[in-house]
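By written order: A, B and C. Residues from 1 in each chain.
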Amino acid sequence: MSARSVGKKNKVSLKSKVEPYLYLAPFAIGVLLFTLYPIVNVVLMSFKENYNFINQSYSGWGLGNYLYVLKDAYFIQAYKNTFMYVFVVIPISTCLSVVIATLLNQKIKFSGMFQTAYFLPMVTSTIAIGFAWRFMFNHKTGIINYLLSFFGVEAINWLQIPKYNFPALCIYGVWAILPFTIILLLSGLQNIDPMYYTAAKVDGAGPIKSFFRITLPLLAPTIFLVLCVNTISTFKVYNELFPLFQGPGIASNLFTVVYYIYYQFRIKTPSKYGYAAAAAVILFLTIFVFTMIQRFVEKLTKD
Amino acid sequence: MSKALKEITLGRVFIYLFLIAGAVIMIFPFYWMITGAFKSYVEIGQYPPLWWPTTFNFDNFVIAFEMAPFLTYFRNSVVAMVGSVSLCAFTTILASFAFSKLNFPGKHVIFGLLLGLMMIPFEMIIITNFRTIIDIKIYNTIFALIIPFTSSIFYTYILKGFFDSIPDSLYQAARVDGCSNWKYLWRVMVPIARPSLVTIILLNAIASWNSFMWPMLAVVERDLRTLPFGLYAFVSEGGAETQLMMAASTIIVVPMIILFLFARKQIVNGVARGGLKG
Amino acid sequence: MKITIEHLTKDFGSMIAVNDFNAVIESGELIALLGPSGCGKSTMLNMISGILPSTTGKIYFDEDDVTEVTPEKRGVGLVFQNYALYPHMTVLENIAFPLEIKKVKKAEREAKAKEMAKLVHVDMLLDRKPKQLSGGQQQRVAIARALIKNPRVLLLDEPLSNLDARLRIEMREEIRRIQQETQVTTIFVTHDQEEAMSISDHIVLMKDGFLQQVARPQELYDEPANCFVADFLGNPPINKTFGVVSNGKIVLDGGCEVELEAAKNLPEGKKVTLSMRAEAIVVDEDLVNAEGTVVETYVMGKEVLAYVELGDYKVRAYIPAEKSFGKGQKVTVGLKKRGVFVFDAETGERLA
């Protein structure tokens, strides 16, 4: 201890003190201006009454925006639709993905070609390929109704009759989210030690048995992660509405939370920034809950 | 053939049939879009639908290009993509290096905060960002499509993770040899991290190319639109006929298909790593 | 080049890794920095190289105070435990890299790199990438890269720990050869006493951040400054017993009396540690210092390892194979001068 107090401290050069910040600066500018500041600002904005976007004036602080949004029929509809969408798309896509990923993980020929086919939708524009779906969903000339006619199904007007809008959106949604889901699950499967399968085979377990007794339990953490990540991303459903319906369904029947935000500050005149901000904060809180559940369960499974 | 062998073979056949059926469904919209782009007005309206266009010509593309400035859209998309992706790669490399190899007070706290920010949905901050680009006077310019995307916490997080896996002794060895941080970063770290960097750049490029919501807000002028926005406007404003819509959609999708065919492994690995981490 | 270290301390806040360290390292010597893991020897090395800033104290290279000089300006060559070769560069590029940073012309630096490669015997591997090299070859490349700048001092951090046993012996002799050819002052860190004993001119032994002793290898073994040094060196480990000085004898726990010339000058009632190397103990010969009981014997070819009970302690002794003892046999035990030490049981300091 004596040597610690005796003698002056040796210096660290000024350059090595300043340098890290220079490396961070370009990154920090972007984060501060376009991520951190907007968050603070949106939260503040959501509590400003009668916020005027042009001159940035407001009449006071309060919960007015939240009260309005929570009572707004469009928002209630949007929240319901969004939840419905999540509850339909997530289970279907996850189940399908588990099966497909398991099969893709077998020793199969042409696995490169299969992967290309299954993953391709991931890199393509939601808008462009959405238009292809719109073409496929066409009431009179669409391929989907044509194929359904072989099963005796009458032509469905997917896009122009409100009650069929939601199923159409879900079909497209499941198709679009499959690649990402399969990739994550496949990567989870590849992390399972093949030793377990060899052991199971020695013990006489067939493929079905080893799927349920080995694959599923060992894949469970990945499945759970996928559920959370996908829930969060499907919660932000928005882009898909444009190519299919050019808006929130054919009769404003398919509002989603993100579309509602967009609607409040971009479609409505005059723009209602306060309402949009309040809706954005509610969206964030919802996502936050899912994230926390995910973290919590992740910790549980790790211990 | 023994019974067991028969069962195995049957199982394999089932696997292939299932996978092929699935693959056909996944690919079909692409097939339908591209063949649709070559059908004539009459052909596309036929019922039952034509599986294959009778003639292959580029009439629909020519007409679509005449009706809307798709070349300009294409150029805008490329400029926005190259601009934002290269700037973002630059800031990401520098920041990842600082977080991974340099020491400064508050490093871990700052990084923890950034991870927290990662769960903020872009849709939430878009309202203020719209206001910001007006305030800094880049609204309705090509810069509005670049400047907000010069920093990415997510990619920094991924690249920092990779930088962390490069042993510190390499850094110290270079320091002892008189290598500056700057030179070390570009001469040693970046070449070693090249696979990770390429993945990040690819993912970012795909995201930029396909982005729709932001360009729709940030630019109004027709000549500043990017492809997805331009395509959407082409259909919604002009009420374009289906075969033209398919032709225009094909223009957007084909570059990404080609990219994917060449870099599938890297993209897939990147998505898997990013998804499992984030 | 001579290295002088004065009152050097490294305080990490949570712990003091190196505490008030003083040593002089003579020019042209090969020095082993020895100690158990976590003793601060790597921290010490990193402070000499300049990678790690010291908290207080001074480091001099000859007459120059380099305490606050950055690593690149100190003129040190550093070889890392994991070699730290740049994976994307060839052997030639790796060796030439320090000169590339100094902006030496390409032809010149490659010529120099080839010369270095020849010195360390990797001149036939110049176009390989590190991944294609064996551990020993990587080590040689790392040494060449450290030497190319003509450093004033060569520092090696656990240079042999990543190698298998056979290569380890080969490489330590190589390090000795290269050091003697270049005459560069060399310090290498190791936790392996045999490694340190076999090739170094002087050993610097550390424990818990404190310097224990600086000495030539044999001297360290024969004349340990304290109990820790005696414990740390030697294989099998030194026999360590505790006792009290009484009437010029040492009475071990359990009552065994040991007559010892050295004990005569020690104060009555002093608690001491009596440490004896196995080879310093003779059984049933003319030399008699104590009496004990044989507990166990193991035939080991040319000699027998016997466990002899002295009071509460079982000590190891080597006895000639032709003698044979039964279990439980009472024997006389003799202690040679060399290899028997008495330490203060509380401070560990050498008393005799």
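By our rule, contacts are C-beta pairs under 8 Å (C-beta built on N, C-alpha and C of every residue); 3 or more make two chains touch, one makes a residue touch a chain.
None of these values were measured; they are calculated from a predicted model.
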Pairwise touch network: line, ring, star, complete, or other: complete
Comparison of A-C and A-B (more C-beta pairs in contact): A-B
Gap in Å, rounded to a whole number, between the CA centres of subunit C and subunit B: 57
Distance from the mean Cα position of subunit B to that of subunit A, given in whole angstrom: 15
Rounded Å distance, subunit A centre to subunit C centre (Cα mean): 59
Set of subunit B residues in contact with two or more other chains: none
Partner subunit A, residues of subunit B touching it in the complex: 11, 15-16, 18-19, 22-23, 25-30, 32-33, 36, 44-49, 90-92, 94-95, 97-99, 102-104, 107, 114, 117, 119-121, 123-132, 147-151, 153, 156, 181, 206, 209-210, 212-213, 217, 227-228, 231-232, 235-236, 242, 245-246, 248-250, 252-253, 256-257, 259-261, 264, 267-268, 271-273, 275-276, 278
Touching residues on subunit C, where the partner in the complex is subunit A: 7, 9, 11, 16, 19-20, 53-57, 67-68, 70
Subunit C-touching residues of subunit A, taken from the complex the two chains share: 2-4, 6-13
Of subunit C, residues touching subunit B in the complex: 46, 49-51, 71-73, 76-78, 80-84, 86-88, 97-98, 101-102, 145, 149
Residue ranges of subunit A touching subunit B (in the complex, touch as defined): 17, 19-21, 23-24, 26-31, 33-39, 41-42, 45, 53, 99-100, 103-104, 106, 108, 112-129, 131-136, 138, 140-143, 146, 175, 178-180, 183-184, 186-188, 207, 222, 225-226, 229, 232, 236, 238-239, 242-243, 246, 258, 261-262, 265-266, 273, 276-277, 280-281, 283-284, 287-288, 291
